[in-house]
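One structure below.
Should a chain be cited, it is by its letter among A, B, C and D, assigned in written order, with residues numbered from 1 in that chain.
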Amino acid sequence: MKSLTMRLMHLGLKAYFVGDMNVPPVQQGDLLLVSQGPGFFSTVDALVLIANNENCKTVVFTSRPDRLKARDYDQVVHIPAQTMADDQKSASGVLPMGSLYEAALFLFFEIVIISLRDQLGESAESMRARHTNLE
Amino acid sequence: MKSLTMRLMHLGLKAYFVGDMNVPPVQQGDLLLVSQGPGFFSTVDALVLIANNENCKTVVFTSRPDRLKARDYDQVVHIPAQTMADDQKSASGVLPMGSLYEAALFLFFEIVIISLRDQLGESAESMRARHTNLE
Amino acid sequence: MKSLTMRLMHLGLKAYFVGDMNVPPVQQGDLLLVSQGPGFFSTVDALVLIANNENCKTVVFTSRPDRLKARDYDQVVHIPAQTMADDQKSASGVLPMGSLYEAALFLFFEIVIISLRDQLGESAESMRARHTNLE
Amino acid sequence: MKSLTMRLMHLGLKAYFVGDMNVPPVQQGDLLLVSQGPGFFSTVDALVLIANNENCKTVVFTSRPDRLKARDYDQVVHIPAQTMADDQKSASGVLPMGSLYEAALFLFFEIVIISLRDQLGESAESMRARHTNLE
């Protein structure tokens, strides 16, 4: 989610990572993106409840839509990759715990960014120009 | 510096904390605020060098202006409180290491914020309305 | 809470800040310290519920014990300073929102650290030797 | 580097992420791992200098070993993937800036972790038991 926030900012959009210092209050018209790979994290669920109360739209990325709590998600994006909800099955992959999900999510976000870049009329150069030099 | 970033945002200003996800590149017209209590942190100094190269204005808060490296600071704010540069003297305070400096800096920033609030025509209410609800 | 974590580590104790990378699971024998200035943050409350389920001891710092949800707190520490739960009263202080609470909590933690230092037989020198040099 | 820190901790090793709260000072016997995809980040280079002065071993991951400053690296690991040092060439990839490098580094670290797991006699179960439940 951190790299997604950074790339959305590179596209010229107003994007904030929850926990960073300059996060404004969510309200109607905002979009909250959350990842709950195994279907439930109590702190993430708490944020979704706040967003629901403020009529903020929400999208969740998860490998286990069946384990999501009943919240008002405007979109559920199913990333069918192993997380800690499935890593103890006999057929589990070689990567530990949720690593496969993290990798799949990263790649999915990159594709979203490229697609958004074209739709917004942005270019590799305009994105690059917004990359911080403080590092 | 984190709480200062948050309060500047509450005042309606564009403020970013270096290390957060949506930090843009610094350039002419920007202002970089850094704290170097004991006079020198190598990573902070590296950021100041970048700001200097980009003609970004800089302000440093420190208890030891005499230990600052020769950089182009537009303003040096002297906070005369104990840091790790002075905590091994016989007359050192009861608080460990740089705690006194941290407390002094916090209070100083609060006064700056109140003063800025009045100059910007902001109010306790308008600041409060910008406080995040995602917590 | 961040500076408290750092100082507890300086005392030679195993301390972790929730959200940092190397946080282990909480279990029986651990102590979770949380701050809920105004009495309730949904994400913090979610962490307390987890600690309760794992029989981990918990301490909460708050200015409004009356607004705490019913959880198994082993200790409630009352810091009677203004937070966002009280900043809209006629008699509210000059500092915005929860700044007074933050300052009071900081000072309280410093006193706790000094007291712990003496009880643990640590010194200003031994604490200083554990301060990171990577900055 | 963050996910690597977390996985090393899951393996039972003492691992810290620079910038987190409980990072001890580096000294002889420690190993500092840094990533400088394009070959140089001023803040990262500053940390390497500190490590060099403390006789701490260092490993750097980079796509451009030719752009590294002359420091005492005990190991230079070459990850030959596009970063911001190469994203403006005619043959640059479809992913923006350093995304390909980030993905390659992630996969490389996962393979390292699996290899380390076997060498340390750890298992998927023992690693999982060290994953935090505070989320």
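Please note the rule applied: a contact is a pair of C-beta atoms (placed from the backbone, for glycine too) under 8 Å apart; a residue touches a chain by one contact, two chains touch by 3 or more.
This is a predicted model, so every value here is computed, not measured.
Undergrad: Which pair wins on C-beta contacts, A-D or B-D?
TA: If we tally the C-beta pairs in contact for A-D and B-D, the bigger total goes to A-D.
Undergrad: Assuming a repeat means more than half of the contact pairs shared by residue number, which candidate in B-C, A-C or C-D repeats A-B?
TA: Matching more than half of the contact pairs of A-B: C-D.
Undergrad: What is the Cα-based rotation angle between copies chain C and chain D, on a 0 to 180° scale and rounded to a multiple of 5?
TA: So the angle, rounded to a multiple of 5, is 180 degrees.
Undergrad: Find the geometric centre of each of chain C and chain D from their Cα atoms only, then give the gap between the two centres in Å, rounded to an integer.
TA: Each chain reduced to its C-alpha mean, chain C and chain D end up 31 Å apart.
Undergrad: Approximately how many whole Å separate the CA-defined centres of chain B and chain D?
TA: So the centroids are 29 Å from each other.
Undergrad: Averaging over Cα atoms per chain, report the distance between chain A and chain D in Å.
TA: Result: the chain centres lie 23 Å from each other.
Undergrad: Which residues of chain C are in contact with two or more other chains?
TA: 42-43, 47, 50, 131 - these are the residues of chain C that touch more than one other chain.
Undergrad: Quick one: in the complex, what on chain D touches chain A?
TA: Those residues of chain D that touch chain A are 3, 7, 10, 41-44, 84, 87-88, 92, 94-97, 99, 102-103, 106-107, 110, 113-114, 117, 124-125, 127-128, 131, 135.
Undergrad: Could you pull out which chain C residues touch chain D in their complex?
TA: 2, 5-6, 9, 15-18, 20-26, 32, 47, 50-51, 54, 129-134
Undergrad: Taking the complex as given, what residues does chain D use to touch chain B?
TA: On the chain D side, the touching residues are 19, 42-43, 45-47, 49-50.
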